[in-house]
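Naming follows writing order (A, B, C and D), and every chain is counted from residue 1.
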Amino acid sequence: MEIRDFFFNLTWLIPLFPLLAFALIVLWANPNRKLSTWLAWMGIGLSWLLGWTIFFLSWGDIHHLTPPEGNHPVPLWTLPTGSSVLKIGFQVDTLTALMLFMVPFVCLMIFIYSKGYMGYGTNQVDSRYSRFFAYISLFACGMLGLIVSDNLLTLFIFWEIMGLCSYLLIGFWYEKSYPDPNRITPKEAGLKAFLTTRVGDVIMLLGLLLLYSQVGSLSFMDVFNHETLDMLAHKMVVLPVFGSVPVATLAALLLFGGAMGKSAQFPLHVWLPDAMEGPTPVSALIHAATMVSAGVYLVARSFPLFVAVHGGAQLAVVAFIGAFTALFASTIAVAQNDIKRVLAYSTISQLGYMIAALGIGAYIAAVFHLINHAFFKALLFLGSGSVIHGVEHGHHEVAHGHHGHEEEAFDANDMMNMGGLLSKMPRTAWTFIIGGGALAGIVPLAGFWSKDEILAHAWHEFQHGHDFGTFWPFFVWLLLTIAAALTAFYTARQICLAFVGRPRTEAAQHAHESPPSMTWPLMLLAFFAVILGLFGTPWANQFHHLIGEAFEATPFDPFVAGLSTVLAVGGMALGWLVYGRQPLAAGQVDPLKRWLGPVHTVLENKYYLDELYKTIFIRPVIWLSHIFSKFDYDWVINRIVNLAGTVTVFVSERWGEFDLVIVDGLVNLVGRSGASFSRLSGVVDLNIVDGIVNRIGDLIKAGGRFLRPLQTGRVQNYLIVAATTVVVLLGWYLVLSVL
Amino acid sequence: MDVPLSWYLLVAAALFCMGLYGVLSRRNAVAILMGVELMLNAVNINLVTFWRYVAPEAMAGQVFAVLVYTVAAAEAAVGLALFIAIYRSRDTVVVEDIDLMKG
Amino acid sequence: MSVEHGVFIVLSAITLVGAWIVIANRNLYRAALGMVLSFFGVAGLYALLNVGFLAVVQVLIYVGAISILIIFAIMLTRQVMDREVVQRNSQWFISLLVALVLFGVLGYTLAFRVADQWAVGGSGLPEKPIEALGEALVTTYALPFEVASVLLLVALVGAIVIAREK
Amino acid sequence: MNILDDLFVNIGQWWTNLLSDALSLPDGAVTMINGLIGGLILALLGVVMVLILTYMERKVFSRLQDRIGPNRWGPWGIFQAVADAIKMLIKEDIVPDNADRLLFNLAPVLMVIPAVLLYAVLPFGRRMVGSDLNVGALYVVAIGSLTAIAVMTAGWSSNNKYGLLGAFRVIAQLVSYEIPMVLAMASVVLIAGSMSLVKIVESQPIPNAILMPVSFFIYMAAGMAELGRSPFDLLEADSEIVAGYFIEYSGMKFALFFLAEYINMFAIAGVATTLFLSGWNWPILPTWLWFFIKTFAVVFVFIWARGSWPRFRIDHMLNFAWKFLVPLALVNLMVVALVDKLLADAGMWARAGGLLVSNLVIIAVTLGVVAWAARRSRNAKLQAIAGAR
């Protein structure tokens, strides 16, 4: 066993290698593209070797890591913080080992892929090529550190590192801007992602503070053991609105807030689709495979905390949010045309699966799905990236062919610009189709087993649910099943639109297969997407063996499995019927538009959630004034005037010339009345509506003018205020209190 | 050890207040930096005195005094650099004239 | 009233007089020399507390390095040190009040209330003080120590970058 | 021999007994009186040393320049120094207009004080030390760094352009050369395992100069720079900034600067003796005699260097400090620490050999690097010329 302990004690090296790569690239190697590439590859490669060593070792004898021995701690140092001591360190347990199987490998694949995607060795190599590799190395450091850290504090730190990298990488092409102002630019997208996730992170930080204040430590061993959890479960805190709730519930909910932000659950999901503005490897790395799964990882990691209180609100919330997100996002995905956005929404919905599964206690199924999803979703994203790459190159060729075409706006992401790529880029196409099958849950690809395990568990809980009630499991099962059908449908739609039929643009016509550095990762990932599920079949469930003997395995349920298979196949078949049988011609509208009508528009605009947020949080006043003006002009006045006009015409036609007088009188009367009415309402509008708006503006201005002198810009004035405050407080505390 | 603890603390407090006055009332940035140094010294006196009188066997007091030295040194270096840069661009180091942030 | 009392009074007098020169003197150069004086007083206080090491380090760092830097700054920004220039800003009186009140509060508390009850630890000095300090710096306080070194490095680089001619 | 060896110690002992027993003074008073008298003796020693050193310098210098040197006043002109002193004293004392009078008068005093303070920790012989601080080496550095302030004050307060320029040069030079000096001392402290000068002396039967020639060289170079003597005499480079910071001084005040320089010189030489030449720690002769012999030898080296080297240009001076001495000192310190750790329990001789060998390696590498750099720059120059042609 020495060999195993030897490797386990090296755990702290895993995040270190990419960090070193980052530092070296940034400080030293960045002028040299080749060197930077190799540095990044070496960093992640070493981490990958070590990670898989640890994984297979811990798989070898699992009992070392399962209770009572528990995890394998690797303490680094202790930080004296006031009265208590903060233990910083790493650990290996089964969950960590499992993540170590997934994360470094996917990262490595994507690193290799990035070389080709960022155009190494071509004439279109990105100007910030080295910086890109530095960033993704830093990101890899963040993710690996997150999964090996043994306490919530370092977990949070690495979490934030990832947030930073996400921001940097989404906005990687910060100088890019689009012709139409409504489309979000990379810069804005980065900011949006950063701020949105920040909301969740603050909540999570509150959770950490709460736990620390209650437990006095943040390391998993101290927090997630039975007596602490009992203590937390029975200790009550009184909230303003909800009354008294157990600390465990509150802490769990707060932590879940962070998870919602990071893995894009319903209210905070808006950043993820826009994150697709970043380079595609980033989308694959951060916004599909690894970072977004950090939230799920967090919930899985603190699962004992979630189940500490029986029948508490926290699990219900988790289950509801997850299931709702899954369905909601999959509906949106149906109506998207941007190939990456479809995948983005499917990512959201799959994450919803995992969250929902955790919400009903399907721990193993959730983690299983997490791993599988990481593989096939990374595969899909890289495939889409390869497609985009090919189409863009095709576009360049066309543009070079006959000049003057560069300035025409061409969106290489739009699936309507593709088609028939199956013959152009076969490797990409076939791997993509495999990935799609896995996503849709076709037997025996990876997705099927994990998804089916989740559904089966939900159904199982519904039928004889002991500790999760019966309602939530059924709810989850229902929504997830519908979502599964939709997933199959939009996957088929995507495949057909992209690969089947005849090219719809010249760009697609001239598309070529991507370089091997991009296609090899695709094939490797595809291989895993095929075989990975077989480790988690209900009959020989290696994952169950690996993750937790503590949880009972879900029995295989033929009804659920059959149903989901039928739905998956049916969905894909439907998709084939709609888009595959006779492929869309160039410029032909999406048939769904025709059938669904307004619903499709709603879906296409993502339920207008962005607009909703914008309007709620950003400019309610403008919105209001818009409503007012609409009210005044469109709905009332013009209606009346038009009515009057039609009536007039009608009447004047009916009656001949010989009682023009009356008619004229009538007409003029009505016309005048309408005109005067509109003038009146115009006055009202000008004086009252605008008046209100202006008054508000003036008020704010006046307040600003009033407060402005405080900002003298002289440091010492600020300082003296601070000093006075301190003196007053000190005096109060030291003198008045004892007098 | 027959000087009572409070004497040292009083001297430190006096030094601190003088430094504070200097920081608040001087016009020249360099003079302000001097005031800050005085305050840091006052803090150090407190650290060392408490170490000596309360916990002579635990080294915390001296250790943190040393850390304060490093901070003071770094501060002086960066301060000098800032003054030179400001003087180069604005031709003065009178803080009252450096109010770009004026609202 | 022993010799130690006398020495203490003299040293603290030196310290405070130096500080007074720093804050009151119009001539910045003299102010800087007053600061040196004050630093020497503090070093003496350390010696009186038998922390010889810190006393010497105080002289080395504050007098040898920081004062030099500050004098350098004064020299390089010369025009503000003509003797006529008023060195007090408009809010000096409030500042004076604040400082005095603060001293009042602290002095009251220290002199009449808590201070001497805190002196609980005996005079059991470690027999090898410098060795003990070194031990502590690289064992218990290794992390702060490293952080301090990094801070120095960063300050060095930053100072160079800021002060370099564009 | 023992009588001679303990001569001064016994005198001191007798005096103390006299005070405490015969006059039956309280201990505090005795210590105070002894402290005062000791200080006085040390200060006087400084002055005497100045007389001797000035004479010695004139003589050696003139020999180097193939002159006879002072030979009028007294046999072999030994009273020359006295004559100088008298000349200084009777000169008029000038204070320039709108100089800062207080500081102008204060500066020379500030100049002398640290020089004399250095004598407090020098171990002149066995049991002959002013006070054996356990941080002696650090104390030496700290006190040495005070000179800068005095010089600055002198240059500034005399309200003279050249004075200020000289002051700036002083700061640049002293601050730059303090670093390699400290690093060189650090290697010695590392070997001795203590900062107390007495312990350092006792811990080196073999002089450190032999074990660590690199440190010794660095210390000597930095010492000359700290003294501001040629070849590092840019501070008072008459031909550039006419006498630099003490340009406005005359008479007694100038004499004080003069005094400070020579007191410093002897002190630095003494420290060099203590740190590198195993101080008084040699057999046969009385220990204090050893000390003075070695110290004068070092002083002779200083004078020799002054006589033989031209003055550095200021940028050369700074480059020499920052680009050569500091890196060399750092490498040296690391190597010494490494060797010391590796051979910690390998016996004295093994350690000595290891140190010597490692130092020789360092020297070889350094020379190689310097030669390479020189060749490169020369080639660059040649190519530039060729390009110009």
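Keep in mind that, in the parts below, contacts are C-beta pairs under 8 Å (C-beta built on N, C-alpha and C of every residue); 3 or more make two chains touch, one makes a residue touch a chain.
Just so it is clear, the structure is predicted and the values come from calculations on it, not from any experiment.
Engineer: Which chain lies at the heart of the structure, taking centres as C-alpha averages?
Structural biologist: B
Engineer: Taking contacts as defined above, which has more of them, C-D or B-C?
Structural biologist: B-C
Engineer: With chain centres defined as mean CA positions, report which chain is farthest from subunit A.
Structural biologist: The most remote chain is D.
Engineer: Can you work out the whole-Å distance between the CA centroids of subunit B and subunit D?
Structural biologist: Between these chains, centre-to-centre, one finds 33 Å.
Engineer: Counting in whole Å, what is the centre-to-centre distance of subunit C and subunit D, each centre being its mean C-alpha position?
Structural biologist: Computed value for the inter-centroid distance: 29 Å.
Engineer: Where the CA atoms of subunit B average out and where those of subunit C average out, how many Å apart are those spots?
Structural biologist: 6
Engineer: If you average the CA atoms of subunit A and of subunit B, how many Å lie between those two points?
Structural biologist: Between these chains, centre-to-centre, one finds 48 Å.
Engineer: Identify all positions of subunit D at which a residue touches two or more other chains, and write them in rising order.
Structural biologist: none
Engineer: For subunit C, which residues are shared contacts with two or more other chains?
Structural biologist: 53, 57, 65, 72, 89, 91, 94-95, 98, 102, 106, 140
Engineer: Residues of subunit B touching 2+ other chains?
Structural biologist: Answer for subunit B, listing residues that touch two or more other chains: 20, 24-25, 95-96.
Engineer: Using the definition of touching given at the top, classify the network of chains in this structure as line, ring, star, complete or other.
Structural biologist: It is other, because the touches fit no line, ring, star or complete pattern.
Engineer: Across the complex, what residues on subunit C touch subunit B?
Structural biologist: Spelled out, the residues of subunit C in touch with subunit B are 2, 4-5, 8, 12, 15-16, 19-20, 22-23, 28, 31-32, 35, 38-39, 42, 45-46, 48-51, 53-54, 57-58, 61-62, 65-66, 69-70, 72-74, 76-77, 79-81, 85-92, 94-96, 98-100, 102-103, 106-107, 110-111, 115-116, 118-126, 129, 132-133, 135-137, 140-141, 144-145, 148-149, 151-152, 154-156, 158-160, 162-163, 165.
Engineer: Touching residues of subunit D toward subunit C in the complex: what are they?
Structural biologist: 28, 100, 102-103, 133-135, 138-139, 141-143, 145-146, 148-149, 152-153, 156-157, 164, 167-168, 171, 175, 178, 195
Engineer: In the complex, go through subunit B and note every residue touching subunit C.
Structural biologist: 1-11, 13-22, 24-28, 30-31, 33-35, 37-38, 41, 44-45, 48-57, 59-60, 62-63, 65-67, 69-85, 87-88, 91-96
Engineer: Quick check: in the complex, which residue numbers of subunit A touch subunit C?
Structural biologist: 77, 79-80, 716-717, 720, 723-724, 726-727, 730-731, 734-735, 738
Engineer: So in the complex, which bits of subunit B are touching subunit A?
Structural biologist: Residue list for subunit B touching subunit A: 20, 23-25, 32, 95-96, 99-103.
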